[in-house]
Amino acid sequence: MREVEMMTGNTAAAWAARLADVDYIPAFPITPQTEIIETLAKWIGEGLMKAKLVQFESEHSMLTAAGTASLAGARVFTASSSQGLLYGFEMLYSISGWRAPLVLVNVSRGVAAPLTLEPDHNDVLSARDSGFIQLHAENCQDVLDLILLAYRVSEDKRVRLPSIVNMDGFYLSFTREPVRIPSKEIVGEFLPPYTPTLPFCPSRPVVKGASVLSGSLYTYFKHNMHESMIRASEVIDEASRHFEELTGRPHKPVEGFYLDDAEYVLVMSNSFTTIGKKAVLRLREKGVPAGLVKLVMLRPFPAAQLARLLKNRRAVAVFDQNLSLGLGGIIYSEVAGALYNERKRPETLISVIGGLGGKYITMEEFEYIFNLLQHPEKIEPGKPVFLFRKDELRAVENTIKLAGVV
Amino acid sequence: MSETRYKTLRDVPAEEYLLPGSPECAGCGAQLVLRIFLKALGGDAVLVNAAGCLTLLNVYPYTPLKLNWMYTAFASAPAGAQGIRDALDILIEKGKITPKEDLKVVTFTGDGAAYDIGLHAASGAIARGLDFYYLVYDNEAYSNTGFQTSGATPFATSTKTSQPTTLNPIGHEGVKKDLFEIWRSHKPPYIATIAPSHIVDMLRKIERALKYRGPKLFIAFSPCPPGWGSDTSETVRISKLAVETGVWPLKEAIYGEVRHTFIPKVLKPVEEYLKTQERYKHLFHPRRQEKVIKTIQENINQYWQKVREKEKLE
Amino acid sequence: MLKIRFHGRGGQGVKTSSRILGRAAFLDGYIAQDSPIYGAERRGAPVVAFTRISREPILERGYIFDPDIVIVVDETLLDDERARPLDGVKSGGIVFVNTQSEQAQVENVDDKLFIKYSITDAALRVIGKPIVSSPSAAAAAKITGIISKESIIQATIDELSELGLAEEALERNLRLVSEVFDTIPTPQLKILNGETTPREVIQLEYKGVIYEDIVNVGNASLRRVGNWRIFKPIVDYQKCTGCMLCFVYCPDSVISLDAKNKPIIDYENCKGCLICVKECPLHAITAVREVKIYA
């Protein structure tokens, strides 16, 4: 294996699981995630990694097994997407409540109906309240690195909460680019072995998952999980520094791009950030003081860092590749909340919805956003702006005509 | 059958794995089944539970158990068992734990989980040949939520969602799913039905199952005094009647081959069984529903006729 | 507003008690609110239910922390650490205890008035079963002094019919309700201090991850569920042959065996299901009514 290799996001995820020497991989196929489990199954079959991969009858079962195996002491890796994540959704809350520090890769895909394959983030953001740490990847290298980081943070005894690492379907899952594979030694140094807390044991039995049936106890445990999640922020910083020392690659929960003197800032996450960065460069060429903030960590939500990066800006747009029907962008609301107590908060905060179901975002659309930031009077404040183009509309209308329903 | 350490009730092991103080109802048939089951199984086990009455064995911070327990969710206890089994296997294989730390993995659910919401999880686990035990306490309804109809509710039972009315005097119009046969279609090494009145039969079956690797499945008749409307003291009696009237056949299937472990010489009339429980009261009051009672009896007769014919052939 | 809190055990029907009282107040023209608290209640576990009665709109919900009147349907709850039925009763409030007392006794204890009467025995006399839900409501109604007999009777009819009670059983319930209503006095409710003790609000601290695991396995015996019992199994060791059946069939593992295989019953946790009584082939175990008198 070369140190740098062309690989898809899916392959990068499989590599991370292999490097982390995971013990157990409960699996269930769903596009566009399937390649991850196929790759791992192949490697295990060839003896390239020592782990047990078991294919289940559903994501609900898969996630249940993932959680119980993690409590039993196995380092667990699993993956899903969209409908699959939602089918197993109940178990997300269980897994975090059990303090099972597994890592789940979600390959984002729009949620039916209408049924589709390409990405948006309604799937992964539906899990935002579940007690999973969430790290979102911009490129295939991020996928590999963030999974390793996720294991380190999730298994840390100050945190003990599971993680979701998100990558966009197609734009990362099936897209190849060069990815640097850290050596076994480096990963070994970065990631200590997983030591479970009170695993099942014949000589010292343990009851896990008991009901509490009390609002006070329930609140007490939930508060404890919340505080652990908040602590995860520091642990991520600490782990990132170590990772950077070992690999030279920094991974911050929130990353700025051309922020120093930026007056107009776009906040976004995941793979479209790459295109957003190109738009910023184009605007800079035209003399617009544009900048970008990339959200890598969605949970714990980096409110303080965001407020620090966004204060004193003239206008900020939050690009949501998701839609809370009847409200607008999910991350917009969270950013607005983060800024409310910042006295020097930007005067203008615009909500932009784009990329639903993988709808491509062109340069024109990014420029449109920055144009609105410079002329916010053109729109109703707080009302989300849907990115859509005339050529698209024409094509969509023609398609609908073919369906025959007027 | 082969040698057994269980010949009479005197051989019931004294060791208790379910200690006093549980919050389950007085006279709970399911809890009696669990207690005896654990005596034969031993304590080096983990029970993997789905939502049901016996989930409340463990209400934080109390447990009556002396062995490991994992509550999962309503639909996926067999998958939870798979996760633990697989984890123990791979950790032993990788030398991360010793074989001494191994555990028997037992899925333990009620009929709602086994017959309905968790059926596909069980089917998957059995088809994968998972080395586990599955003990179903079948109280023939969703008792934990107040006794609503489940896939295990027999024909003509009154439940909270099948109350007999003037429009429908019968009660539950569907039939009880045959979980034994559903499971048997997967050809696991061992399946048995058990009843808390027939303790030696139960112990021997668990003893036999211990020898097999793969899915070992038990369906336990489990009287539920509040749901069935029976006196708490009647739990064992009702179980005995269920067996003697042929309502609850005691049998096992080894790799799909069925054998009845108790064949009543003469079937007691099913009425004797039905009359012990308020859930069948509507069949006798305010007036006797002859046709319905006859249908129930005929179904039982037909079942046993087939059993007897098969026995004769053999 | 009058706040009434019912304490009973799963199966005793305190939810029904609170509803009968709520409906009776409603029929009498009051604004009423009734509710139960659901927990892990199996038959026998402590259960609570509430009725609020007012002339004004009720701006409260849920648990009643400061009742004017407490109805203890099951006396054994008085020393149950988790039930704590007397908690928060207002100074000058009234506590009704269903205890072994054929006549209604009234006495002052500290700053509260206690009324003691055995509705269980009244029920056994009139209905033949220890039904305590409707008579508890009747007792509570009478104690309030503001509910008419007519309404408590009508409310009992309405609520029990809804539960599908047969005519004959309903008839007996009504006789019992009437008898209890007539027997229980209406003492004057003089709330001396309506203020509840202030409870301090704090900020939760975080001292690291807390796992919701239980490793004190077998600790459930601390629950002492023996106080769920109405009848107690008593072994006649002269008759007992040590056949072990009672040990085998005990669902709660409360029967252990001595050297001669004779049963030793752990009464701390015997729930009184009486399977042992039924199964003993020599009738060496008998059921005796639990007697506990609380001063």
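Should a chain be cited, it is by its letter among A, B and C, assigned in written order, with residues numbered from 1 in that chain.
Definition applied: a contact is a pair of C-beta atoms (placed from the backbone, for glycine too) under 8 Å apart; a residue touches a chain by one contact, two chains touch by 3 or more.
Predicted model only: the values in this text are computed from it and were never measured.
Participant: Report the most central chain, judged by the distance from each chain's C-alpha mean to the global C-alpha mean.
Facilitator: Central chain is B.
Participant: Could you let me know which interface, A-B or A-C, is made of more C-beta pairs in contact?
Facilitator: Of the two interfaces, A-C and A-B, more C-beta pairs touch across A-B.
Participant: When the centre of a chain is set as the mean of its C-alpha atoms, what distance in Å lies between subunit B and subunit C?
Facilitator: Those two chain centres are 32 Å apart.
Participant: Which integer distance in Å separates the CA centroid of subunit A from that of subunit C?
Facilitator: About 52 Å separates the centre of subunit A from that of subunit C.
Participant: Just give me the whole-number Å value for how far the CA centre of subunit A lies from that of subunit B.
Facilitator: 43
Participant: Could you pull out the residues of subunit C that touch at least 2 other chains?
Facilitator: Where subunit C meets two or more other chains at a single residue, that happens at 40, 212, 214, 217.
Participant: Can you list the subunit B residues in contact with two or more other chains?
Facilitator: 56, 58-61, 63, 65-67
Participant: Pull out every residue in subunit A that's touching 2 or more other chains.
Facilitator: Residues 205-213 of subunit A touch two or more partner chains.
Participant: In their shared complex, at which residues does subunit C touch subunit A?
Facilitator: By the definition above, subunit C touches subunit A via 39-40, 204, 206, 208-215, 217.
Participant: Would you tell me which residues of subunit A are touching subunit B in their complex?
Facilitator: Result: residues 23-24, 26, 50-52, 54, 56-58, 60-62, 64-74, 76, 90-91, 94, 200-203, 205-213, 217 of subunit A touch subunit B.
Participant: Under the stated contact criterion, what part of subunit C meets subunit B in this complex?
Facilitator: On the subunit C side, the touching residues are 10-11, 40, 42-45, 164, 212, 214, 216-225, 228, 243-245, 247-254, 256-257, 261, 266, 268-275, 277-279.
Participant: In the complex, go through subunit B and note every residue touching subunit A.
Facilitator: Residue positions touching the partner: 43-44, 46, 48-49, 55-56, 58-61, 63, 65-73, 75-84, 86-91, 93-94, 96-97, 100-103, 120-121, 123-124, 128.
Participant: In their shared complex, at which residues does subunit A touch subunit C?
Facilitator: Listed in rising order, the residues of subunit A that touch subunit C are 97, 99, 157-160, 197-198, 204-214, 220-221, 223-224, 227-228, 231.
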